[in-house]
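Next up: some structures, all given as structure tokens.
There are two complexes below, and they share chain A, which is joined by chain B in the first and by chain C in the second.
This part shows the complex of A and B:
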């Protein structure tokens, strides 16, 4: 951890975070859901003003969804990964579109692929999928192969042993 | 197959010598087209050139995978093209899904939705394979075997039913189509 990142981590102590050092310039901060917005505000005020990515991880065995915000500082090149876990059966969280307007699109994407609702963000139109009719596709209990079989028929192949033998012997060009 | 009249045979012979290609490049196969078009492999020596709009093109070259969103646009494009029109499926994704065979949004075989005249196998096919496919397609046009557009007209109900089965609805609802 660099010195400037150490100072920022100290300023987060009031939020009772779990700090994990991943790399020299990469720190993971895990906090409870009600403190995330305050942590993000503090980091933004301390120079981590660039929301590189906002994404989600499905922990199906713990019955939780992990929301991940990756913040980047253009001043010292440091990266903060702010993560929190919310209930998987009732995934609701608060929008950060007031802090970063670009989060509107990340939230639409997470709503589409993980089914997370963001309070305060009314625009939840589908972003990538069209006419989706199943559960959110990036959840672990969704079986893409099953869906693909049901919806997109496979090509049927017939085994031709004689032709294969001829290809094998080099008589015809397979 | 029906017997062609002499005029159709002459027309097919001329058609095969001047082919305009519309390339639908959402898949990774688009990468192989610049060397095919430009000086290294130079497909214009065969009388094939790229065309910007579907209404003036003869070949629709589908380069790589199609998902449900792009398949809708491809069907729009294909139906806009004037007869006679030919489709080349490029890469293993159009044949059986390729590495996306179990994807939730990617189709597994193209000829289930629109008729395909020539397939190019491979991931990726080299520019030589593309030129080989063009020559094969020209041969087929001359012989009158490239009749995908006739099949589409005759079996329109079957194709439409398949499209609706996989897509739900073929109509596109977005800001460019409404």
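This part shows the complex of A and C:
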């Protein structure tokens, strides 16, 4: 951990975080869901103002969804991975679109792919998938092979060479 | 005159890839714009969870078509970070050479891409023709022209032979000799100036608020480059500059890409000189056949400066032989979705393809 990142980590002590060092310039901060917004605000005020990525991990064995915010600082090149776990059966969280406007689209994507609801973000129209009728596809219990077998069942096709030859000659209409 | 809805989609010749924008126009002026991606959604993130760590190398270059090497590099760097793997030094220099060659190829294509919507077709022909010289190097080095699958976990697939090194030196000399011609015929051309100068302005505050990276940000006067701020590979051991401009318009964005070509040439030349000799260019993550190799538990985010901005892979491993989750940060996500909605209203219809071309909106990496 670099010195400037150490100072930032110290300023987060009040939120009772679990700190993990992944790399020299990459730190993972795990906090409880009610403190995430405050942690993000503190980090943004400390120069970690670029939201690199917002994503979600489905931990199906723990019955939890892990929300991940990756913040990057253009000043010292440090990365903070802020993570929190929410209930998988009732995934609800708060929007961060006031902090980063582009988060609106990330939240729309997470709603589509993981089924997470973001309070305060009204725009939850589908972004990538059209006419989707199954459970959110990036959840671990969604099986794409089963889905495509059900949606596009195999059709029997028997080749009739004589008939095709007749169509080819123009004797019958195919 | 009333408001008319105009669907500007992949079937339009002026569109930049498989992307669509729903525009509400009054006369020539865009009143509202709504981005609608999804034409290229292939579900890479789900597919990656169902394949082995090493098989994914064959899949991920397809996420970004014009510059596929960044995907392999990000993915490999993320996995190496989790596994705490020491990559041979020579392999890291070779990766740098490949990434910079890919950057030159992409910038040449981008210069050509701007030529299409403004009607300066010389740029398109020249850019595509010179890019092919770089693809020749890739073909000799990796066996493929576009999707190389060359950077693997733990190093690179094959060593760089002296013959190919010689080829790289010659090609760089050729491209460098072409740059004054580009400057004189394309960047001093009246068509380019009258169509791009002062169009699609973006201030520094707007760019930072939007979260734009790459040339879109550097054209507003900020010297933010991941290669300098958070150096990966050996970018801290080579000497290069990050060109910036202060205008923040479409012209300066294209011109910055052109200037970056000569910086990339500089980096590759230094890398070829500083690179240690040797045969060892890759190491294995764990024992056994490549399909059974496992990566220890953990998560990491690896990002690099692609030709379009910050490009990153977030990799999660649960200690098995397949990734648990991989998330991709496409470099053009902010300008392609939020940027279109917020900054296109007020511009003219013919400037919309220019936004997509100069801000490098790449549909495959938004959809994934």
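The rule we apply is simple: the second predicted complex is superposed on the first by the 152 of 174 C-alpha atoms of A that agree within 3 Å, B and C clash if a C-alpha of one lies under 4 Å from a C-alpha of the other, contacts with A are read in each partner's own complex, and residues count from 1 in each chain.
Convention: contacts are C-beta pairs under 8 Å (C-beta built on N, C-alpha and C of every residue); 3 or more make two chains touch, one makes a residue touch a chain.
A quick note: this is a predicted structure, and the numbers were derived from the prediction, not measured.
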Larger residue footprint on chain A, choosing between chain B and chain C, goes to C
Mind working out whether A:74 is in touch with chain B, chain C, both or neither, as first, second, both or neither? second
After lining up the shared chain so the two structures overlap, which partner does A:154 touch, if you call chain B first and chain C second: first, second, both or neither? first
Kindly classify A:49 by the partners it touches after superposition: chain B alone (first), chain C alone (second), both, or neither? second
If you stack the two complexes on chain A, which partner ends up touching A:25: first (chain B), second (chain C), both, or neither? second
Identify the partner contact of A:133: answer first if only chain B is touched, second if only chain C is, both if each is, neither if none is. first
Looking at the overlay, what does A:93 touch: chain B (first), chain C (second), both, or neither? neither
Could you look at A:104 and tell me whether it touches chain B, chain C, both or neither (first, second, both, neither)? second
Considering only touches as defined above, state whether A:58 meets chain B (first), chain C (second), both or neither. second
Looking at A:144, would you say it contacts chain B, chain C, both, or neither? Reply first, second, both or neither. both
Residues on chain A lying within both footprints (that of chain B and that of chain C): 128-130, 137, 142, 144
Which of the residues in chain A end up touching chain B in this complex? 128-131, 133-134, 137, 142, 144-145, 147-148, 151-155
Touching residues (chain side chain A, partner chain C) in the complex: 22-23, 25-26, 28, 49-53, 55, 57-58, 68, 70, 72, 74-79, 81, 100-102, 104-106, 113, 127-130, 137-138, 142, 144
Where on chain C does chain A make contact in their complex? 37-38, 41, 43, 45-47, 50, 81, 208-211, 213, 222, 224, 226, 229-231, 298-301, 303, 310, 312, 314, 316, 324-325, 327, 329, 333-334, 337-338, 342, 367
Where on chain B does chain A make contact in their complex? 68-69, 72, 95-97, 101-109, 112, 165-169, 173
